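After this come two complexes, each holding chain A, first together with chain B and then together with chain C.
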Partner chain A sequence: MAATEPRSAPTPVAPPRRRGRRSSVRGWRRTDQLIFALAWLAGLGLCLVAGAIVIFLAIEGLQYLDPKLLVTSPSPAVNQAHSGGFLDPLIGTMTMALLGTLIATPLAVLTAVWVVEYGRPRWLAAVVETSIEMIAGTPDIVIAIFGLAFFQIGILAPFSFRASGGGVYGRSFLAAGIMMSLLALPLTYTATRNGLRAIPRHMREASFALGKTRAATIRRVLMPSLRPDIATGATLGLGRIVGSTAIIVLLLGATLQNSPQNSVPLLGFLRGTGSTLTSYIFFNSPAGEGNAPQKAYAAAFVLLLIVLVLNWAVARISRIGAGSSLNSGRMAR
Partner chain B sequence: MLERLRRPWSDDRAERVLGAVACLTAIAIVLMVVFVAERAWPTFSHDGLAWLGGGGSLDSQVNAMVNTSAHPPASVYFLRAWPLIYGTLLTAGFAVIFGLAVSLLTAIFIVDFAPRSVQRVMTPVIRLLASIPSVVYGLIGILVLVPFVGNHLVTAGEKASVQNVVQLTGAGLLVSVVILTVMITPIMTALITDALGSVPRSWHEGAVALGLNPLRATIAVSLRAVRPAVVAAAALATARAIGEAIVIDMVSGGNAFTPKPQDGLIFLFEPLRSLASEIIDQSENVSEPALRSSIYAFALLLMFSGFMLSIASRLVRRPLRKYELSN
Partner chain C sequence: MSAEKTHLQSPCTLAPQAKVRENGTMSINQLVFDPPALDPMTSAPLRAVSSLTGPERMRLHDISVFYDGAAAVKQASLSIHQGEVLALIGPSGCGKTTLLRTLNRLTELTPNASHSGTITLDGDDIHELEDTKLRTRVSMVFQQPNPFPMSIFDNVAFALREQSRRRPRRRELEPLVKQALQRAGLYEEVRNNLDRPALRLSGGQQQRLCIARAIANNPEILLMDEPCSALDPRSTAVIEDLILQLRSDLAIVIVTHNLQQARRVADRVAFMYLGDLVELGDAGQLFEAPREERTREYIAGAFG
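Up next, the complex of A and B:
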């Protein structure tokens, strides 16, 4: 049923319904005129808020943003001139994004393909759908606090390290990355699922008629046209990962510098603690211990740039793919 | 081995492998719920559901939970978390009410009134607002809005009048609600605009032909048709607002105080704390058994509400499918 739906999602903004009726607003009832004015106010107000945030952060950020900040490690110091830059948080953010997306995307895509293309037994598919809906509705702070307890279980010590007392510390890049993937999972899943459902059934039937198996159809026919959807979903997930603070504060230890656990090149780093741009901003805001607003502004500006680039990428990708919708896959539906 | 993988998969095999992955995902998520519930159990077994209610000072209850032995006496588990629940409901409730009003107006603006050039700007603007990380909102809140409210909106007399009870710094209900509103409005606007855009044009035109002005036609026909989508959008936004930890932690004053409406205008400036921000605050003490179970009880409550809200939004949206107004 769903598979026969037309490919194009409802257009987000219908073109203006009629032209040249603005002069008639005068003839409306008072209440209608008021609503009309309020609607304009709300729309322009939102634009204004967005513009103000971007411009404000750009001014404050650029004022303090020094190329040196991007390549020096942070260090604890009261004087802001000596507290270093945010190289480590930048690396942390990238690691987190990479780790989370690498785990979430295959899981989400395979799950979505199974639910839409096979989905038998029915009840099992319903359970899978519901559980993903559940994770979509779960606040990231809950995922974080779950991860903290989960990775402190004794046998999961390889994911982080044992603290001096013998207990498992439970905070590391690996732990945070795995939990981050739970954030990205529903977004990628929904985008993939909606993409699959939007592929007309005759595409599949044509492939079956040529004697291809279901598996080959998925691999050769569905996957290629699904690529923009997966990319959109993964990028949305990436944005969510980059912006999440709670998981980092709780699960990455939020140490100022990335501190590898041991000297094993990559694994030691992943098992160690560190920080990302979000936890760096939190740490340097008046709410954190660092309290260096200038550094926080500079880092916030960098983070905003990353988000802007990701947004642009999503818009770009979904324009390549057919149905571009204002919130394509943003919310789990 | 690799050779076997590279050969085309049989249907059977693909189904089994994909099914296994799907089940794995589901099991991981279900396990998470069970795990959190298990951790929260001591709070439920000691306090029943009474911990959702009020009574006593939350701060002293929490302090009693810190620095206990590994097997604390039952009295330590005493918890009455109403201030946190109240703070959560208050901030989320106000934010959703204001956000809903703004996003309904914005959606009508985008669909009906905006010139095409403005329309083209609105989509990326809303996307941007929806994707700005919460910590950036929190930073602007704590560095710009809190000092502004503290210095210009709260008078010295108001500060002095309650200084024995609570400090009014500017951080509190007002700033929390403002920031939360800005955070959830774009989500609702996007969903409502989408829904309005999918109403067949002829419905609207029919109403205009019957003599309604375009605004009335939108309200009477289009908006009414997508009412379930509006409710669903509000539910999802509520879930987001309830779970927001970092922002509330930064701009709410971090005091388990319950703002009292009878205090008049000061009500708006009184500090508060929400369930989610309390989890952040107490996360360092998670090794204390009694406090741990309380934290997981908060987490369970948040998870439960979030789940209920997303189920509700799905159920409510169901009638829309009949008219193919929603995918």
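Up next, the complex of A and C:
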């Protein structure tokens, strides 16, 4: 082949191009241009708002953020130099996030799979869907009040803190975590359900046509494609859990320090009361009784970091082992 | 060959059921069980391979399929023999896909579909068989290549796994996967990339992967719904070769809009029109000397 053109000088090979010339926005219709500009502005505006929050908190927070605050427990002192750090609320926030997500995610995924893949009898599926919509619309303070009433029922005493007199207190990490999961559940449910609905029918039929049962189809074909959706839902849910203050105040006690119910290592802790960064921020802000805005800012900054790290972690987890799924099972059509 | 004998003996057990329709045309029952293949060489042979067929595997008897009560397939009767390729042709919307999907009971997944009539596989009513068992015996390849979002290996292994409660090890599956990929003519292209995502294959490769997946379990019948409609001529030629090779071990029912393709691969051809199975016959006979006016018009139109 090369011998046929012996004299041709070696042409310089151009580097590979990703895309060629494209049409210019200038040629668009006026309205399209306007909407295009608005879309850009809206996106930029959101970036600015997000950036402003991070920068403001970073400036205010970092200024007061002493690494010692992260590893010392808060203590009841009026003098801010002796009121300690926020180790306990930090642990509290982590625990709530973990507990709430661990309860909500499997429940939400199972429910979504049932509704989309089985959904019979139909009225029951409709009732489930409506119930979840209702939970999604319920403010967390209402969920908290309900939870308090619920966990004060005598039989549920093992779940929560028992006051010294022996009365059921209805407050504990477990109680708060279970109610927190209600905040996350609708978000994870919706994301999973939409993910399932987006998987084309022929994907399922291909599996059925190979003689697979519905269960095997769900487990081996649908679930792997759902990972990104479940992750998105879980991230949204995490945000709600970490951000809720009402449930903490009512159901976790928002005590200064985490106080285990008894000395059983993990269970005692989970049955005990405590606080999270949100309640800590609230009580230390000028609105609360502590009036230590410096610590509130420092805690707020840490909370923001936690949310960012958790989001990143969920995104990572959802990608483990999903290498061959090409990020989603959806093809055109 | 014994296969030939069986074929010659099989013809017209159902011939008495032939009826004359109101409009004077013969019903399909007569045509199907006419002995058309007795002398397949009267017309010039279309293909080098002669149409020897084996024992009857599947038989449809007066199958009608309804969507919301409206018939999409009307009283179709035909038999499917091992070792043959049966092509279903006809204009769009005439019920080819519906008929095909009834053979492995995929129509049951469509909530508004119902059917009447009987289909037997080796003499057993397919509606008496467990659906999962039936579908491992009657496998299907779809119009759109639809590999699962997993690796090439896992796509083929998927068909083999889950048969038993114990999950088979990769080492046990490897030879089976390899064999299926070889039969589907894909192995040489992917042998070093078995763990790559199947969705990164080209369309033609994806479709061959789907064929490998469908034949991994050694089904008795392979249903193909326009398997080449999304492919280029080269991939189409590869798959047509494949069909001709595969046909020796199983029966293939293929839906195609491409009459040349039907000519190239099919031993027998069934022409459907508005839900009626108008004519069924040896490929050479149906294309060269169709008995029915509608068949003639369709073939003329499509060829002209």
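Observations
Criterion: the second predicted complex is superposed on the first by the 253 of 333 C-alpha atoms of A that agree within 3 Å, B and C clash if a C-alpha of one lies under 4 Å from a C-alpha of the other, contacts with A are read in each partner's own complex, and residues count from 1 in each chain.
Everything below uses one rule, namely that contacts are C-beta pairs under 8 Å (C-beta built on N, C-alpha and C of every residue); 3 or more make two chains touch, one makes a residue touch a chain.
Just so we're clear, the structure is a prediction, and the values are computed from it rather than from any experiment.
Contacts of A:Asp32 after superposition: chain B is touched, whereas chain C is not reached. By the document's definition of touching, of the two partners only chain C reaches A:Val221; chain B does not.
Contacts of A:Phe282 after superposition: chain B is touched, whereas chain C is not reached.
Contacts of A:Arg316 after superposition on the shared chain: neither chain B nor chain C is touched.
Once the two complexes are overlaid on the shared chain, A:Leu46 sits against chain B while remaining clear of chain C. Of the two partner chains placed around the shared chain by superposition, chain B and chain C are both touched by A:Thr213. One of chain B and chain C touches more residues of chain A, and that partner is B. Shared-chain residue A:Trp114: touches chain B; no touch with chain C.
Touched by chain B in one complex and by chain C in the other are residues 213, 216, 325-326, 331, 333 of chain A.
Partner chain B is touched in their complex by these residues of chain A: 5, 9-18, 21, 24, 27-28, 32, 35-36, 38-43, 45-47, 49-51, 53-54, 56-57, 107-108, 110-111, 113-115, 117-118, 120, 124-125, 127-128, 131-146, 148-150, 167, 182, 185, 194, 197, 213-216, 218-219, 239, 242-246, 249-250, 278, 281-282, 285-287, 293, 296-297, 300, 303-304, 307-308, 310-311, 314-315, 325-327, 330-333. Of all residues in chain A, only 200, 202-203, 205-213, 216, 220-221, 224-225, 323-326, 328-329, 331, 333 touch chain C in the complex they form.
The part of chain C that touches chain A in the complex is made up of residues 104, 106, 109, 131-137, 139-140, 142, 144, 146, 148-151, 154, 158-159, 161-162, 195-200, 210, 213-214, 217. On the chain B side of its complex with chain A, the touching residues are 8-11, 13-15, 17-19, 21-26, 29-30, 32-33, 35-36, 39, 102-103, 105-106, 108-116, 118-119, 121-136, 138-140, 142-144, 182, 185-187, 189-191, 193-194, 196-198, 201, 204-205, 208, 213-216, 219, 236, 239-240, 242-246, 249-250, 254, 276, 279-280, 283, 286-287, 292, 295-296, 299, 302-303, 306-307, 309-311, 314, 317, 324-327.
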